[in-house]
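Chains here go by letter, A, B, C and D, matching the order in which they are written, and residues are numbered from 1 within each.
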């Protein structure tokens, strides 16, 4: 069992890396779940300075969205996090982001398919939540949960993405991959018809190459880069797979 | 009533944020109106260093474009500002910018429609001013005023944009949103047909989520980021909605 | 008559600004002509560090490409400069660059047309030099001269651009405009059919707004920004017309 | 014969330049061969910090992938390097990268053709390796070798590139060119049909302009820029041919 302090530190680090990579800013929030205490640790809401988050900034809430300590309310879309943490045992970490490229698949009429070997982790596809609202109530959280099903990620129309995983390392790596595959698809489309990997190819690749191990490597890599970052907005962003 | 010093400081801050975000540079100007004295405070014209503006750099003019103190002339397109401040009580702040992406809608033959939930604030559309000149006379200012009508923003053919609002915070946030939606539309178009929000969806969303409150949150966020900026050209720019 | 030292300093400044803007790097060179002495001052050739040029780095050559002092040879494509300086009295400054966006018009089969009000300075069009070689001999220089005619700029197939002007300020501003219009055309094309300004609109706009005055304003603006630049490759670049 | 220390230093420098240019990051590796001792020096594998590599970080392996000193294993795709070093005498240096633009030609159904004069070095084309796996065994290394044949570079479907050359300077310059031509092709395609250089034009250009000499110039240029880099991720990247 990870301690509260460990979870708080991992969550702050994960969010600072997202800020460095240009994947979180004015809006967006990330959470991690402690199943033994049924506590969700979530980042502060809109307007907070993600690039400078510390462990002590994280907000603990229960599964009804109520802060368990302190007076700071969670982000208004907290039901995204509680719905997933309460109902999926493989969703111990959740990010709700408005990443520039993946969001385009919630704007253009085009299904997302993996176009890189790393993207094969999304071989099962990424469903689309079509409602034109923020997920601000448990009812909307349930509707979101029904749409994502047991998928690793969700697209939200004209809005952003939700990514779930067994750890913050998995959520970080999967979010970076989703963004990278979305960007490459958009750019490749200018060159000609885009070829994506088949469901079979995705399964074969992922049977051979362990996702959790790769995610941990990515976590170590980006943590190190982040520790060298000047933490100024707009600097530090690097491509995932150059 | 906001004091002159408060207005000057807000105007300088707003313009430095625009500079940080890459939305103002060689050209472009921003203004704020003090209705009690009918004074327009406007930023200096072409060539001035927007990234380093201070409150004392702001130029006060009357509604005929005449400086009320000092000898520094306002930007040559001052009639954009005076036309809006004089005739629209909801236009207490005005920006004339040449933002890279929104300007594309004044080049390609395509109407602007909101593609993100935040973009729904432009659900009424953004009209296009077609004349191939700068707005350097009160007559042209009137023509511009007639085209924008009671809209929040205006596109100018092969030129740039005008954004009006009840406060500099609103103008800042609306300009950032317009730019972000323009960019996302261009990028999504590479993926397939682009789906925009309907007028009804726009109304429903904005009835639920208060624009002024969001604009103030964005102001606080970007002010904080700007205060950490190294003020070097080309650094500091971050995506609006990652 | 500008002194040699003045010309050397202006040339070094102009080239450092091009480096800051990402428009010169490994290759590319800029020159200025002193008609009284028929001396061409040109920047060093491939591999030199443009971001740190000083007045003393500039190479003086005569109209046959021979260094008038020192042993450092000019760039191998020196005939571009001597051909223009010798035969066009309005070409007192010349840049040969490989700018990322304008060069695309030497790759795609599409004529360049101005799409912004500032771009109207290219209302006469920009011809294309089609030969698949570097301009390394006086004969090729003459062929280049014949193709550019009395135009302000030239596109070179799969290669780059040549821009000529009455001063380095004009060459700087015109190059930035050409690049900006090329970029905007490419981006707008993703949105729909692109509308460019007609020859008549170009003439009318330029009769009203003085190019030389704008070019000098741009020179002052970018000189000031450059003096604040950290001179690290890849930093400092800003959009021309935000 | 280059000493081990010289090869180690060149390899570290080359990789730091790739990191500065955004062409290597989480994954990717580069190698250089010492034919007299049949030793391959290769960079550490996934997760290592390429921007800070020193000569002492380089891993020596034999042609069966076994470290000749130390316990640190080579990257899992070491067979890419050993296959080329063992069988092609003109492959004294090899890079396996996941460069953002060239990789698009392994996603879109479109053959790569050179569109710039510098790109003519790829006039013989760039073959595509279609297997959906990493090259982690000697058998896969042989299949890769068969596909690349005697070409200078290889595209790998949904994955990345391999570039081989007589020196690290050649591999660096060729990789930068391949990336630049891929980017320009994608961007030019938005403007209209793209015209590439014919095989004959490629031959003629390269007969006149020496590739090795240009590669050495590029090496000197980028080494100097890299020595001034702040080594922060996401800064320092410059266009190859502005």
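Observations on the model:
To be clear about the criterion, a contact is a pair of C-beta atoms (placed from the backbone, for glycine too) under 8 Å apart; a residue touches a chain by one contact, two chains touch by 3 or more.
Note that the coordinates shown come from a computational prediction; the quantities given were computed from them, not determined experimentally.
Averaging Cα atoms per chain gives one point for each, and the point farthest from that of subunit B is the centre of D.
Shared residue numbers account for under half of those found at the interface formed by subunit C and subunit D, and the copies are therefore classed as meeting with different residues. With centres set at the average Cα position, the gap from subunit A to subunit C is 45 Å.
Between the Cα centres of subunit A and subunit B there is a gap of 32 Å. Residue positions of subunit D with contacts to 2 or more other chains are 185, 187, 189-190, 235.
Looking at the complex, you find that subunit A touches subunit B at residues 18, 22-28, 46-49, 97-101, 103-105, 107-110, 132-134, 157-160, 185-187, 189-190, 231-235. By the touch criterion stated above, subunit C contacts subunit B in their complex at residues 20, 114-117, 119-120, 184-185, 187-195, 197, 201, 204-205, 208-209, 214, 217-218, 220-222, 224-225, 228-230, 235-242.
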